[in-house]
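The following pair of complexes shares a single chain, chain A, combined with chain B in the former and chain C in the latter.
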Partner chain A sequence: MSWRSIGIVYRKELIDSLRDRRTVISMIVIPVLAMPLLTVGIGYLSVSLIARARREVSRIMVLGGADSPGVVDALRGTEKIELAPESPDFATQLENKQIRAAVEIPPGFEAALKGSDSPTVTIFYYEDETRSDIAVERLNAFFNHLKGATVQQRLVAHDLPPGLAQPFEILSKNAVSPEKLFGNRFGAIIPYFIILLCMTGAMYPAMDLTAGEKERGTMETILCSPVPRTGLVIGKFLMVLTASLATAALALVSMAFSVVVVLQSKGVLDGPEGLRMAVHATSVFGVFAMILPIAMLMSLVMLTISLFAKSFREAQSYLSPMTIVVIFPAIFSMLPGVELNAKTALVPILNTSLVSKEILAGTFHWNYIVLIFASTCVYAALAMVAAVRMFNREEVLFRN
Partner chain B sequence: MAPEPLIEVRDLCKYFRTFHRREGIWGGIQNLFVRDYRMVKAVDNINFTIERGEMVGYIGPNGAGKSTTIKMLTGILVPSSGEIAVNGFVPYRQRRQYVNTIGVVFGQRTQLWWDIAVVESFKLLRRIYGVSQRDFDARMEQFNVILGIKDYLHTPVRKLSLGERMRCDLAAALLHNPPLLFLDEPTIGLDVVAKDHIRHFLHAINREFQTTVLLTTHDLDDIEELCRRIVIIDHGRLLYDGPLERLKRKLLRTKQVKFVLKDRAQADGVQIFSSDGLNLEQVDEMTYRIRFDPAQISTSDLIRQILATVEVRDLLIEDEPIEEIVKRIYAGEALREITA
Partner chain C sequence: MIETHALGKIFKDKKRGPIRAVDGVTFRCQPGEIYGLLGANGAGKTTTLRMLATILRPTSGTAKVAGFDLLEQPQQVRGHVGFLSTATALYGRLTAQEMVEYFGRLHGMANDVLAKRIDELFGALDMQDFRKRRCDKLSTGMKQKVSIARTLVHDPPVMIFDEPTLGLDVMMARTIVDFIRQCRERGKTVIFSTHVMSEAEKLCDRIGIIHAGVLLAEGTLGQLRERYRQPDLEEIFVHVAEGGK
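So, the complex of A and B:
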């Protein structure tokens, strides 16, 4: 085996892939266009949809309250609240979204406020429905305000100081660095995205360079050339790895660019109240360094599995379940309580997700970083041995 | 002293383990849990030698074991047993050094990369085979003269016609000037003109460079035009190895007379030749062919009878086409005669 023959195979596969529209779409077009559309686009859309919902008036039904006209009138006069006529079928109306919430005012509510009773106001709503949640928020604000005013009136009525019911204030302030904030908020989801992108980027070339080549019949011709089998495997592997890393890198750059553009256009990044999150370039490079062995492992596993397939379609049906195998540990790493330890550091994908989360937060656990990097490299080396063996087995190369 | 053979094949066998699928739904379920494997003898105890400069046709019906033999001879497959020596190498053991001395063209596949320009494939192959730039340029010039490939060197392979692609494939296979060329169905799917081009080229390289050619084909015109010797295999076993002429002599049972009538009025008279062991066929409106057994009626007698019955403008006597002979061999009818 020589670097020359590896270089030749790599060059050949690269030229061939770059001229193949399908590879270019999966390697360049999808990450550059689709990923920002999927993430930033959908995020932007959901934010604007919520903003629109907030601009709308909430239609609310008051149940009872005939003997509390002051409260009902105050509610009617509240901004962005509109009252619907009382009806016994309020639950059906809620389900049909004709009203967004219903509030039950108990009999003698107003009278009770003047005394010292504690009546209960019940709010009925449609759980997890955005417009209903907004209505509940508005009702809570109204009744909390009413509660505060009532307490003040009661204190005054008993000649007590207004501060009696409020012995102290609570103020919560973030004390961690912007890097930690970023790591905590996005540290889990970003490695998940990168790993997934590495896999999707590698999938098409892995199938095309093995099963696709078998299907086109060009495998025999390359096997007839003086290129050694190991050189052939490494050349093909390097091409798959290139596609994998290029897809992930392009998608990230494109996503980061879109996020900055969108936030800047909204003025979120300006002034002292600007986005209080940050990420260091060292962390980004660190994450990519940790992704490298896992991308190698995934590329080799996919190359080996696809080689076993007789056709591109068969390779697709073999590789589709692999998506679940990759996604599961990545999602597992996002669950609360799952942390980096000596055991999780040896589980591929899970270890990379967990360590990347820490790195993005600016924490470098060097012992784990070394262990994860080394163990994943060992797995990749084993996968390479398996791939070379497969390329040397004629019952795999000429399965029919 | 007899010349040293370029290809030497001794007791060559190749067995494949194949999965036997059971039929029906229950069979399908059984297939998932209990795999029934069977051994198939793709090549069964084959022996032959090929001398330097020979052009040999390697023929047989589909599934006979032709491509498996070629794959073993090119070092892609390892024989189950037996010996192969080609150009002084054992192909599957010394594959890397060995493949520098051979050229291979698989007619249904291409070694040129589909989406890239032909010339880029040639450049890559130049690097793979370590051909110097000077030799490369000289050979490209030569191929252009014989194959006329200059016009589509910058076209992606997928845009070439089958004939153009095959010319480029041949050029690619010979870029490193190998003394031996394996061709697996080189004229498959080509039109008459393209086939003629390819055959002309093969003749030229065989004549000029003494290139030894072993070709498998289903087109027996290829064999008649190119090879003096044929090797016939079926079910992995060798049925015949020898000169094409000898095969014809041994198996030639019938001859045929083809004649063109002077005018349409003569057509009714021809029907008299559709009996008495004669086989009459109408080729086109005015042309007829009578196939006959020379042991039953002499050629001169038949011609005399034809000329006495109808007026003809042209008349031609031909041997039985090679296709008919091979068809009989494949059907097992002629096996005893050729092995005798």
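So, the complex of A and C:
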């Protein structure tokens, strides 16, 4: 086996794959166009829709309040609030979204405010409905303001200082670095995305280069060449790995570019209220270095499984459940309390997800990094042995 | 030269148990000779030829191909063999030239030598018009020419043809038959399997009749006629396959 012949096989597989529309779609079109559309696009759309909902006036029904005209008038005069005529079917109107909230003002409310009673104002709303939530927010703001003003009036009436009811203020300030902030917010989801993309990128070429070759009858042709089967496996594996890493890299670059463009256009990145997050280039390279052995492992496993299949369709049915096998440990890493330790460092995919999360937050646990890198390389080497063995099994190569 | 020694192949089948596809096949084919392996479907022709091309590993026995041992030097055997069968398809997304170049490179040919060889082959096989066309856009005849160029690119001394005319029209089958003859004229060792008697009669210098994995009879057409006292190859084949002496 020579590296020259492996290079020849790899080059041919690359040319062949890049001419295949389905590979180009899975390796280039989906990561470059579909991923940003799915992630950033949907995020942008939801932000836009919420902003539009916030610009709208909330239609609110006041239940009762006949003896509290001051409060009702003040509510009517509040910005972005419109009052609907009172009706006993307010719940139906809420369900039909004719009104966004209803507020029940108890009898003698205004009079009670002047005394020392504590009457209850009830707000009825449509739970988890965006426009109803906004209406509740506005009603809360109105009544909180009224509550504050009433407290002040009561203190003045009793000749007490205005600060009496507010003994101290609470100020919360973030004290961690922007890198930590980024790692905490996105550290779990980004490795999950990368691992998933590596898998989707590798899946199609893995099937095409093995089961596809069997189906098209080119497997016997290539087996006639003097290249040893190990060389063929390595050449094909390198192509699948290229597709896997290219898909992940293209998707990440494309998503990062889209996020920056969208946030820049919204002015989110500027000003004091700007997005206080950062990620170091070292962390990005660190994550990619950790992804490399797991991408190798996934490429080899998929190549081996696909090789067993007689046809492309059969390979698809074998590889589809693999998505769950890959997603499960990646999701598990996002659960609270799941931390990097000597045991989790040996579980493939889970270990990469956990360590990548730490790396993105700027923390480099070198002992775990070495352990995870080495153990995943060992798993990948075992997968390579399995792939070569599979490629040497006549009953597998000539199953059809 | 090809020399087989008690070549055997057993396939394991979960339902049917071990299947003896080839059983102790021994024959010899000299350079400049066409050896025809004649047998019905499932007789063991393809398995024998796949073993000679080192695509399958024999369960018993061995063979020497172009002076190299099948079991000990499979890579060298593949480097000295051109294998053509209906199962050896082309890479549809490569052009005719890329397909032939790919195999030339895999055989370790230097770029300048390869370029010269491709020009020579494409000229001889009248393939210049479609050398830049993708293989999946070619007609059956064109594809067959590309396959021939692929098997010849490294100028192997041994050619193995496994039912090369199967499914081809008369004109295309004739081209292939002519090509096999040319191989003999160039002094190559040619082994050719078929179940078409007329082809074997026209082409083969010596014929081996294989049935149920066993080589039952062997000789020139004249020798076989004399031995079995039958007028033509078809009668000889039926006679031998039915156990006649």
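In the analysis below, the second predicted complex is superposed on the first by the 397 of 400 C-alpha atoms of A that agree within 3 Å, B and C clash if a C-alpha of one lies under 4 Å from a C-alpha of the other, contacts with A are read in each partner's own complex, and residues count from 1 in each chain.
Basically, contacts are C-beta pairs under 8 Å (C-beta built on N, C-alpha and C of every residue); 3 or more make two chains touch, one makes a residue touch a chain.
Since the structure is predicted, the reported quantities are computational estimates derived from the model, not experimental observations.
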Overlay on chain A: chain C relative to chain B, clash or fit
clash
Report for A:Ala342: first if it touches chain B alone, second if chain C alone, otherwise both or neither.
neither
Quick check for you: in the superposed arrangement, does A:Leu171 touch first (chain B), second (chain C), both or neither?
neither
Go through the superposed model and pick first if A:Glu394 touches only chain B, second if only chain C, both, or neither.
both
May I ask you to decide whether A:Val227 touches chain B, chain C, both, or neither, giving the answer as first, second, both or neither?
both
Using the superposition on chain A described above, determine whether A:Ala51 touches chain B (first), chain C (second), both, or neither.
neither
Just to be sure I read the superposition right, which of the two partners does A:Ala281 touch: chain B = first, chain C = second, or both, or neither?
neither
Touch test for A:Ile324: chain B only (first), chain C only (second), both, or neither?
neither
If you lay the two complexes on top of each other, which residues of chain A touch chain B in one and chain C in the other?
4-5, 8, 12, 15-16, 19-20, 216-218, 220-221, 223-228, 394-395, 398
Write out the stretch or stretches of chain C touching chain A in their complex.
11-12, 53, 55-57, 75-76, 78-79, 81, 83, 85, 87-94, 98, 102-103, 105-108, 134, 150
Interface residues, chain B side, partner chain A - complex
16-17, 71, 74-78, 95-97, 99-100, 102, 104, 106, 108-111, 113-116, 120, 124-125, 127-129, 156
Chain A residues touching chain C - in the complex, by the definition given at the top:
4-5, 8-9, 12, 15-16, 19-20, 216-218, 220-221, 223-228, 394-395, 398
Of chain A, residues touching chain B in the complex
4-5, 8, 11-12, 15-16, 19-20, 216-218, 220-228, 394-395, 397-398
